[in-house]
Amino acid sequence: MLGTGLIGLFYTRTLHRQRSRDLVHVVYSRSEDRARAFAEAEGVAEWTTDLEEAVAHPATDTVIVGLPNHLHEETIEVCARHGKAVLCTKPLARTGAEAKRVLDTVERAGVFGGYLEDLAYTPKTLKALQLVRSGSIGDVTWARSRETHPGPHSAWFWDAKQAGGGPIVDLGCHCIEIVRNFIGKDNRPLEVMCWADTLVHPIEAEDNAIALIRFESGAIGQFEVSWTFRGGMDLRDEVAGTEGTIWLDHFLRTGFEAFSSGAGGDYVAEKSESASGWLFPVGDEVSELGYVDMFTDMFDAMDAGRAPMETFYDGYVVNAIIDACYRSAESRQWEPVELADWRGAGVERIARARREHDGKTVIKEEKMPDGRLKLILKDESTGEFVDVVANAAPVT
Amino acid sequence: MLGTGLIGLFYTRTLHRQRSRDLVHVVYSRSEDRARAFAEAEGVAEWTTDLEEAVAHPATDTVIVGLPNHLHEETIEVCARHGKAVLCTKPLARTGAEAKRVLDTVERAGVFGGYLEDLAYTPKTLKALQLVRSGSIGDVTWARSRETHPGPHSAWFWDAKQAGGGPIVDLGCHCIEIVRNFIGKDNRPLEVMCWADTLVHPIEAEDNAIALIRFESGAIGQFEVSWTFRGGMDLRDEVAGTEGTIWLDHFLRTGFEAFSSGAGGDYVAEKSESASGWLFPVGDEVSELGYVDMFTDMFDAMDAGRAPMETFYDGYVVNAIIDACYRSAESRQWEPVELADWRGAGVERIARARREHDGKTVIKEEKMPDGRLKLILKDESTGEFVDVVANAAPVT
Amino acid sequence: MLGTGLIGLFYTRTLHRQRSRDLVHVVYSRSEDRARAFAEAEGVAEWTTDLEEAVAHPATDTVIVGLPNHLHEETIEVCARHGKAVLCTKPLARTGAEAKRVLDTVERAGVFGGYLEDLAYTPKTLKALQLVRSGSIGDVTWARSRETHPGPHSAWFWDAKQAGGGPIVDLGCHCIEIVRNFIGKDNRPLEVMCWADTLVHPIEAEDNAIALIRFESGAIGQFEVSWTFRGGMDLRDEVAGTEGTIWLDHFLRTGFEAFSSGAGGDYVAEKSESASGWLFPVGDEVSELGYVDMFTDMFDAMDAGRAPMETFYDGYVVNAIIDACYRSAESRQWEPVELADWRGAGVERIARARREHDGKTVIKEEKMPDGRLKLILKDESTGEFVDVVANAAPVT
Amino acid sequence: MLGTGLIGLFYTRTLHRQRSRDLVHVVYSRSEDRARAFAEAEGVAEWTTDLEEAVAHPATDTVIVGLPNHLHEETIEVCARHGKAVLCTKPLARTGAEAKRVLDTVERAGVFGGYLEDLAYTPKTLKALQLVRSGSIGDVTWARSRETHPGPHSAWFWDAKQAGGGPIVDLGCHCIEIVRNFIGKDNRPLEVMCWADTLVHPIEAEDNAIALIRFESGAIGQFEVSWTFRGGMDLRDEVAGTEGTIWLDHFLRTGFEAFSSGAGGDYVAEKSESASGWLFPVGDEVSELGYVDMFTDMFDAMDAGRAPMETFYDGYVVNAIIDACYRSAESRQWEPVELADWRGAGVERIARARREHDGKTVIKEEKMPDGRLKLILKDESTGEFVDVVANAAPVT
């Protein structure tokens, strides 16, 4: 385990719980104090302030990179050199070019590379993906992912040089991969339109952004990220398709509601803003945020010799889309997603079978307040639209 | 009452309920059958197929225009000529230019012009506006309005020539005005970025669109409209501010949930797709959709000689923004909102007081899982960001 | 309008809004200050401290009684003597015997008596009753009404002598009538089991109670009332039937959610406990609480010469059930509802058609995780139960 | 693993997932076909139709009993005889007497006994218990647990002789233990009032029941169980305390909502009634239902030589309360909970510090719509209650 910040803590606790076979043996931090304290608190056998030592350690078969973004590339090079499997926290890199180099490094070395995109692995997302793949909502037309909170918990996130940007990098990377999973990984992201602004915080990076991602099938991805949201951590996804829709709330409205006068005063949930009034705790945070299923998939994939659901290639695509977001925010127009290395199979344009009634195209049928069935028909020869009230007349 | 379609029916029923002082005396439809049937069913004293007769009728002191979009301009001219107050359904016109002529007509004639934008008047919206204006959520940074359903209920909506467009016109007009109310009517809409596509229905107009509207204060408006949503009518608004957030659900999750095996089989709510399974009825549709408060404001405004909350000028601004949406969907870049006639007072850029701790800028404070308070500080002289763990240390 | 407390205020504001034809002409309070202040603030033409003068006033055709419970009987006698229609706030009286005398007084005098049970008239309740009556949820088996909050807002409520009891009287009267509406007014309430205790407040009356009401059809009513609930005003109803279920939330989760840091600091909603954190305002309180539809029904009924939905007879039945609650809380067993005057038509026992499969009774059919259909059958001759896996086999 | 029904399947899948150290080695079913099929499908090494063989098997260090209720006692005797740790599914037995014999058997043999009450272990329940124990909601005054669905999935449940009763046994056992956890296991359950009826299904056992459980502290437990609920599986818990409240929804409203036209047609969740319309899937069912945390606690407890959170003693208390429920349903009055063996520490009566204002007892303080603070005070010498409007006056 490289890194002893909040993410390293969440990862380690996830691995050490629920009678897992997989344990953290060595923890690295550049600070001796933090390394030692972390090892003691979390029951990790050894600690070190020498990154290469941690990687090379004989008890290490897999390295988990939980370091700030600007350290990913060099760290992964060390792992590759030592032939160790590497699992890297999100985002893979600060730019598409950096991500491509990381991807190449790992693939050249032939080591396992897992992209730790936890929010693609939440139990709700996995079940929702199953629904989408089973055809329950038809062709996906739109996927929205929203991730907003009052701002990150470590100083380096706020420094655009170390982080590579603001919430587009920090949170947008989650949203993009959620959107890609719902819209389909074979569906090429073609171009991006992005708005970004620094509205509230005294920083250089953006603190709010919205982006649209247009895919090959015509489907549109949408994400909203913010470091100025008040009220906790808002993680919601919505998917619309030709046959249905899916709404996911991962954090604020999950069937767990509490009111407290403030007595007690305990920790409620990550980024919650208060311990009194109406509170919305989360049952098992690391499970609900996808950490449990993510590591299961990673280790199962290694054992089975298959690729995990989220690979370094996915991390690269995410970074390429982020690059397009920043270019678009600057150019103020749609910008192409530059993917020199596109591996998707390609998909068809969204389509729906045309239905006929009396030789005309059925545009819509609707039940009126009085119970009658109304059809809206288009006469393709004249281009005219007409209403027909058909009492449950059959449509073929 | 001009028009006997769904909107004319909703308007009339709204006026005739709850012991109101205001009644519909004459109804007009170009179809004799519909005019007569409507008058009988709704208890309207007189009906006619002659529009000018209905307007000129001595019992008519106010004309309500519930006709398709392409007939608004000529109808309002008739009302102005006869010196009658006129309340026009949304959108005011098909384009900004048409809306400007309508506005000029009414202002020149000196008659009362009310813009029937019902969704700005829903009880929840009115209460939420009160919260916003009282400062409860601070400066508004973002307002999202989403209006999607499976498609409109009359043939003319689907014909781009008569309607002036697809859901951008039909539903976007609501969203834009909701956004303007939350962000502030003195806050000038500067430019628009819009995506539109025809994904599912066999029509020329768009059936899905998303737009961003950038305002003078830096605040961003966002709307999503669709005629391909499955699951009923999704009317949701979200507002974020520097001190809070507001979420409104007007139709699908209002504290009214029902499951039915399908027995009974009654009308549930406008655009609901089924009468079995889990259903989400709305208590009092015309009230929840704002019709009641809208007409109250209109008639109270007339009685008091003041402007209503929603005027023809607002309708004109909405149409100008819609124009920019269509231009942007075409040009694929941000397009200015062209408002030859801007009457807003103007607003300041969103700002937040800078707070200091130990001579550094406070970027964020957060309670950690272990209860400690963490401050993120920026040293403005060096540009560096640091974490400080301060146990409830005072911040000034 | 007799009374200038919170209820008098809500009633008057309800009557004076939304362009109503019905206005309050005279207001009475025993305090001159309050009468004058109320009249001025609410635009009431005249005020008096002489109750009989207010009733007898020529402008008064209907008297609205908004006084504490112990004053209802004598006040209604005055109204009856003067031949005025009388609308009385809930509960009708403190006991069933008192309620019966009030009922008799009004019926003997032949004046209109309306029971102001607002929560039977909320828009959601009215729509839900429509669903129930249309058969959407089949035969009602269970109706739960929960009304809890941190305690009432006037001193007299807390005094058992004036109020007739604690929350069983104050809130239970609402719950009982909601339950009766859902289960059916022809369905005789047979007996009651009630638990009551004084857990938190330093008072003599109960501050928490739960009761079960068994009806003739076998259906069970359930209510929970409390003056110690923290978190606002919790008004929820649930109904279960053989074909479906209905869940209503009138106050805390109505599709209106807000978070505020506390800036602004406005009034949020009746009995809300805070103005910061997550808040759950209600759009239009007097409408959502049923006041609007209640007065509409009352005045429409008077105009039409019909009985309103809620009559003094209903008030009497409610008091009789409350009496049984107190007796049961004391005796610790089921107590009969004593209704010397029962006017319901009577109903059948809940029943469901028996279905057969292979000559056996079908107890249940269920779709298993693997998609197969499982039938549970009972052999009536042997009394044995068996599972049968039937792949979509027809059941008749 | 003894038993190959739905519960055996859920248990096995829970144990075999998420990289667990603990595996099922032998499965027993009295049917050879089911034993073999189960072993193959779930990757269990060995199967047998000889129960004692499965228990005695050298690879078996822990026996999991997933058999019908009437087989628990004899099976656990076999386990005790062979000195194997035993985990028994809920309910422990059919009656308190039977449960006591089971408890004695295990304690005499000195083997580990874990009571598999999964719903006490859901992630939400565990987090909520943490909130309660930290004092966030003060003293618990009321806990409600509701478990209703359209009826169980195996024939033996419906046979009162094998099951020991209807939903009071099947579902009430969950509710009782949830209630006990929230109200506190040292808080002695004193007496029970229960209503039960067979309203819909053609069976001898009850299909609906409601019970109240009065505890030593004055707190009241409440449960509602039904085999006739329509709309899926309704698992909700509510807890009220002197300082707050907690609402849990485990199954139907968990932040996962989907609408489907019916395309696809997949399995949605346990006991869901449809695959079209609005659906409420659950992310990870076995985790959300508590299976994961339950087995973790059981095996961790065995490893650590401590008692698990849910012991056979708890199972015995649950059965004693169920006995009282059936007695009360029969006698129609409160019935004592007969606990010959009570091991709880005992608790104090719920109490709240009395506060004073001007020498009077403060009953309540409330913010009025106009912003003023209203105090309700009781003069203990006269017994009178008065309202005082105090503008933010300090209360001590």
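By written order: A, B, C and D. Residues from 1 in each chain.
In this section, contacts are C-beta pairs under 8 Å (C-beta built on N, C-alpha and C of every residue); 3 or more make two chains touch, one makes a residue touch a chain.
Since this is a predicted model, take the numbers as computed values, not measurements.
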{"item": "Partner chains shared by chain C and chain D (touch criterion as defined above)", "value": "A, B"}
{"item": "A-B or B-D - the one linked by more C-beta pairs in contact", "value": "A-B"}
{"item": "Centre-of-Cα separation between chain C and chain B, whole angstrom", "value": "35"}
{"item": "Whole-Å separation of chain centres (CA-atom averages), chain B against chain D", "value": "47"}
{"item": "Distance between the centres, which are taken as Cα means, of chain B and chain A, whole angstrom", "value": "32"}
{"item": "Contacts with 2+ other chains: residues of chain A", "value": "137-138, 230-231, 243-245, 259-261, 275"}
{"item": "Contact set on chain B toward chain A in their complex", "value": "137-138, 141-142, 144, 148, 150-156, 158-159, 193, 195, 197, 199-203, 208, 210, 212, 214, 218-220, 222, 224, 226, 228-231, 234, 240-245, 267, 270-271, 332-334, 350, 352, 354, 361, 363-364, 366-371, 374, 376-378, 383-387"}
{"item": "Chain C partner contacts - residues on chain B that touch it in the complex", "value": "17-22, 122-128, 130-131, 134-138, 243-250, 253-266, 275, 281-284, 287-288, 292-293, 295-296, 299-300"}
{"item": "Touching residues (chain side chain B, partner chain D) in the complex", "value": "230-232, 259-261, 273-274, 276-280"}
